[in-house]
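For reference, chains read A, B, C, D and E in written order, and residue numbers begin at 1 within each chain.
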């Protein structure tokens, strides 16, 4: 029989406001096994924890029930407390009487009654708890960063600088990501390339960093400290070790009419290409869909001109298997498709562009060498309309836009408007906005400068429709302040498209068993306290894959993720979760049902000799669980018909005891 | 002897039911019969016998013995024993009547089982003579006369009437209570029926089955017989034979936690189960062979040894009809006693 | 009927929630009848939400809405202003107990250029 | 009447026993009355010649015996598999319940077995039975010789036979049949068409007869657990009697759920039930549901197949949609 | 005498990673739902054995709801897919036995869906209240 202590927390008035904590403590004192029961203002405080420790010693407690906030909040705290008192940490159960009781029920009698029942369930469970000891597993001291944008670059550099090897996997032929496509950055207006490319070079030169460019993660197995990852290096038909990046092949390639992704398709590139001058690795890649040699076996020009002999038309996709201790997701974002926004005529007119396209138009390395020219006729636009929140804050239809605020558009639009007025003072610039959101250091000042110093026309209201007519774009919009409908004949319209997580994130999340929100942004382990960790142990989040972010935020989160990874890789061993499945071999039929449903491959079968009840010996096939691999979902326990498989910490009899206590 | 016209049968049931509950065999949906309470409209089954024997009415499959109520850390014991009310079991066959004697020797010897005793005391058994025994019947082997059933009242059903004869004081009182519906009668029709049935009994396929090889004192001789190995090897270990058997009397006592207390109840158990007679050291009969042997040795050797030669099988044939693999006491008796 | 009840009734009838409006003005930006109106679609939404419905009931704007549903289609928040306008219009028609259009008015509109469908829909829109 | 004869089987058994292929034969042994046939293990030619029978009452499914018998025997055991037994045989192999190497399986065709209960409901006092081409000639105590058509007494599971094809054997006697498009789900469908109240009343009526003798479980070839949850005091559901109507329901729900996806629909549960509860209707409900929701699946059709409940697809029906499915069909 | 208002007893099994967190979020946002709902935390919805559900009904629950991560979002990759099949089959069987459909439910609630959690519970309690006491799957011994 257990000797259980019950500790009821007031949580100030958070619990005590709706739950009569004294009554709860009194009621639970009568439960079987309970030998001590008390209440206190803040159980999680040092004083509260000391109270528990003292009670354990004074009353020889063998189990603890804390009636307090969610176990997701303080279960770990009280387990440590138990350990400090010399108890096994898994002899603690939490009754959640805050989030699931005092905060959702308003009346004291109701809240109190429910709190008592939840407490009884916890007591019933503790009565059946057994001490559990976590297993240990080694840590592979190597990190994987998925995504080579500024987030991935910064994370990789920080981890590598701490002395741990890092691999970056990037789907594109070069790292650099979205930041490499930007012209200037707000609010300081320094040139994106000038601050990014040195970092890219650092990555390339770091002896602890390997870059797998033009590569994808195809399989992830294992668990924190011991991930087995398969990386597909897509065939680029160029030997990376030989290519010098001289660009001769690019010049000679006859297939020049392929939309250039780097310039948002606003100009063309050849079939063999280097995305941009500062690409890392600076290695050519052949676009297999465009190359006549690969398609028809005719041409071979690049191979002839390559002095290094780097071209290899027979190259195949290569699969690399590597072990990692930690994985950082930095898959970034993309602007959403504008195809569904018929009212803005994006697909009808070349002169309706997205902001990212505008970046390329104003970038010196862009399709127009930095001159702001209309994509349709190459003329200088005199009247430019910027439309904000296109697809952001759009709750009405999920297939069209996104419900969230994309966060960065207000600032980059201000930047675009300001730079346009700065470079081309003869241009009239209109910005249609719903709200201008500028929380950030020097952000609002920046926006005000655009209005006050650069004379950008900020109009509160939305553009209703855009109709291309001749070489102008008829913009119809409302001005809510002056309560007028405006009709503007614009030369160029720039849409601040909402941003969304990269499409590769969803399948990756499935591989990683990391959870995502409804918008496909990765979920953090805790929105405030663990913002760079995924709930899946060993998986960390960096940059916009977790939510819209600007560059400074991304970089700081990247650093934070790196420090978490370093903290993990510093350890030689990890203590696992002791709440894992285990099989009672005497009852196991060897039927393999559990093995079939285990997502981790944690169950294996062996033939063992048993002494049977009828005094014979038999060799039987029985299941055994690898506790280091098992994550404790419990799927096998239900698949098992004989009930031989059970889950420690959430055993059949424990859950049924909780059911019984609740239904009493 | 009294005679009740079959036309008055329902009146008779109704008259009895006015003061006592009356149980009688009725047909179930699946075509088999069971004992059920009579109520207006209930039809008396023509079946030779019920699937479950009438022992249920004295020794139900489950029965609460006592209750504990818990409140906080206090336990209160609640006595739920109560005196049975008078009831009538109607239409009991001779074999089943005999089974009550087997059960009595278990439950009514010291210490007396008060639950059983109370019911037994308040029951009036109206036994019915057989006229169409089945090929599975072998009551004669155990000295039972199916045409002259014991019980408080013996009854014979002919095409037109039910003849009733009291054997005990209880029976006489019972017949007295329904005197108005009956009339005095001679035994001619009953005698004719008895003779006819006795002829059939002689022709039954199992008529020559004997118990010669069995009885008290045969333990040593039979214990190591290789027959047990052979006959038990396909036994499924289910409890069908024991649960349909009118003389099997084993039970288990269990506690059920209701959340607010505990109900202590007993329920039938079966020596065929691997969980039967589990003790601190485990189970004392570990193989199906041992469990199989136990059942038949108990019926044919141990019980007679302790009860002046009375076998605890009454030849009702239920296990012959219901065993999923058709293994039964007759096959065992024949195999050990020498085939034919 | 008091102000609050009228608001509730209109909101119920329209089946949309004016509280969802984030005041972006896209409805008014998109409205083809904007210049004909005294109160514009975004004002409609705001006025219904605040219960300032009396002026709307008395405004010709009610009948200037073409029910083209451009605002419904483009509203990013699913407020669907045209449905609110329709609901207010119904209130007006029901309140005065008279239809804005009677069968007698129809012949006056009939000419070769007017599609019959227009008349049918106008009749439906302007009668109880 | 069975096309395969007793003599054929005896010849085969004796042959395999005498040439040393097998050391034991799992077969049917003669009873007292021609219909009460007992499964038995024969180890000598003499035993076989004296006791081996094969007729329309040899319905017992032998597959389950292999779990225990293969562990105890030296050498191979010969088993005769009717088509429905062969599915159970495969399913047990899928679950690694016995060593295939220790079994010599002879597939035999089956014309459908008789149901003793049906026969006894027709005739009283069966003394002996003659099997003729046009039916059984039953010699009775009371009515002389009565002729009974095979169709009249054919077991329900055989009327709705799902397959006459032996899916597992080392050797086949006679001709193999085909998988049949049977009407076995019709009765389930008619129950589904009832109102919930009617269904509740129906099952109360059936399940209330349960005496928890465990015959259904103990005869079931899918119920081969080393320790059944209903026998395990630690499982929380253990009991020896159907104490309340809840326990009757729970026992049968859990049992059906535990064999869901593994049940081959051999019908042994209903055959052995002393109270004639149509237990197969529970198992068939699961089979029907799984077929409809997750695609046709026949447990035991092939060794190693993945049962629906240990499998999934991303687009599976939601639990709430299972009911709508029925309504759409109606 | 005033009739005591009928209060159903609802057992909610919530997976630790999504639905339990969703319930916590409902708490954080002070979204009310009836106190009749009592939550049992399980690591994953796939931990819920049909025996637990029957047990709850036996012990007097009037409704049992199972909440897990949205399909595809399971913390353990595939647990809820198995849950979905198991519960679809179990619920269909209960329905087949004539037990009211509305007493059982599976709902996918993510950690971000506090509002959905509260709304789901409100709706479920309302439906079960309308059905009244669980009579068809009860064990009278537990009501003594």
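Couple of notes before you dig in:
Note that in this section a residue touches a chain if its C-beta (ideal position, glycine included) is under 8 Å from a C-beta of that chain, and two chains touch if they have at least 3 such contacts.
Computed from a predicted model, the values in this text were never measured in an experiment.
In the absence of chain E, the touching network of the other chains holds together as one piece. Chains making contact with chain A as well as with chain C: none in this assembly. The chains in contact with chain B as well as with chain E are A, D. When every chain is reduced to the mean of its CA atoms, the largest separation from chain A belongs to B. Note: the chain lying farthest from chain D is C, by mean C-alpha position.
Closest chain to the protein centre (all Cα atoms averaged), using per-chain Cα means: E. Here the chain pair with the top count of touching C-beta pairs is A-E. Work out the mean CA point of chain A and of chain D, and you get 53 Å between them.
Chain B and chain C have CA centres that are 85 Å apart.
Rounded to whole angstrom, the centroid-to-centroid distance between chain A and chain E, based on C-alpha atoms, equals 30 Å. Each chain gets one centre point, the mean of its Cα atoms, and the points for chain C and chain D are 71 Å apart. Touching two or more other chains at once are residues 256, 259-260, 274 of chain B. Shown for chain A are the residues in touch with two or more other chains, namely 597, 639, 652, 656, 660, 663-664. Of all possible chain pairings, those that touch are A-B, A-C, A-D, A-E, B-D, B-E, D-E. Chain contact summary for the complex, chain A toward chain B: residues 30-32, 613-615, 660-661, 663-664.
Taken in their complex, chain A has these residues touching chain C: 343, 389, 393-397, 401, 432, 434, 460-465, 476-480, 483, 485. Residue ranges on chain A touching chain D, taken from their complex, read 586-593, 596-597, 605, 616, 618, 620-621, 639, 641-644, 652-653, 656. Contact residues on chain D toward chain A in their complex (touch as defined above): 71-72, 94-97, 224-229, 232, 234-236, 258-259, 262, 306-307, 309-311.
Chain C meets chain A in the complex at residues 20, 22-31, 34-35, 40, 42-43, 70, 74-78.
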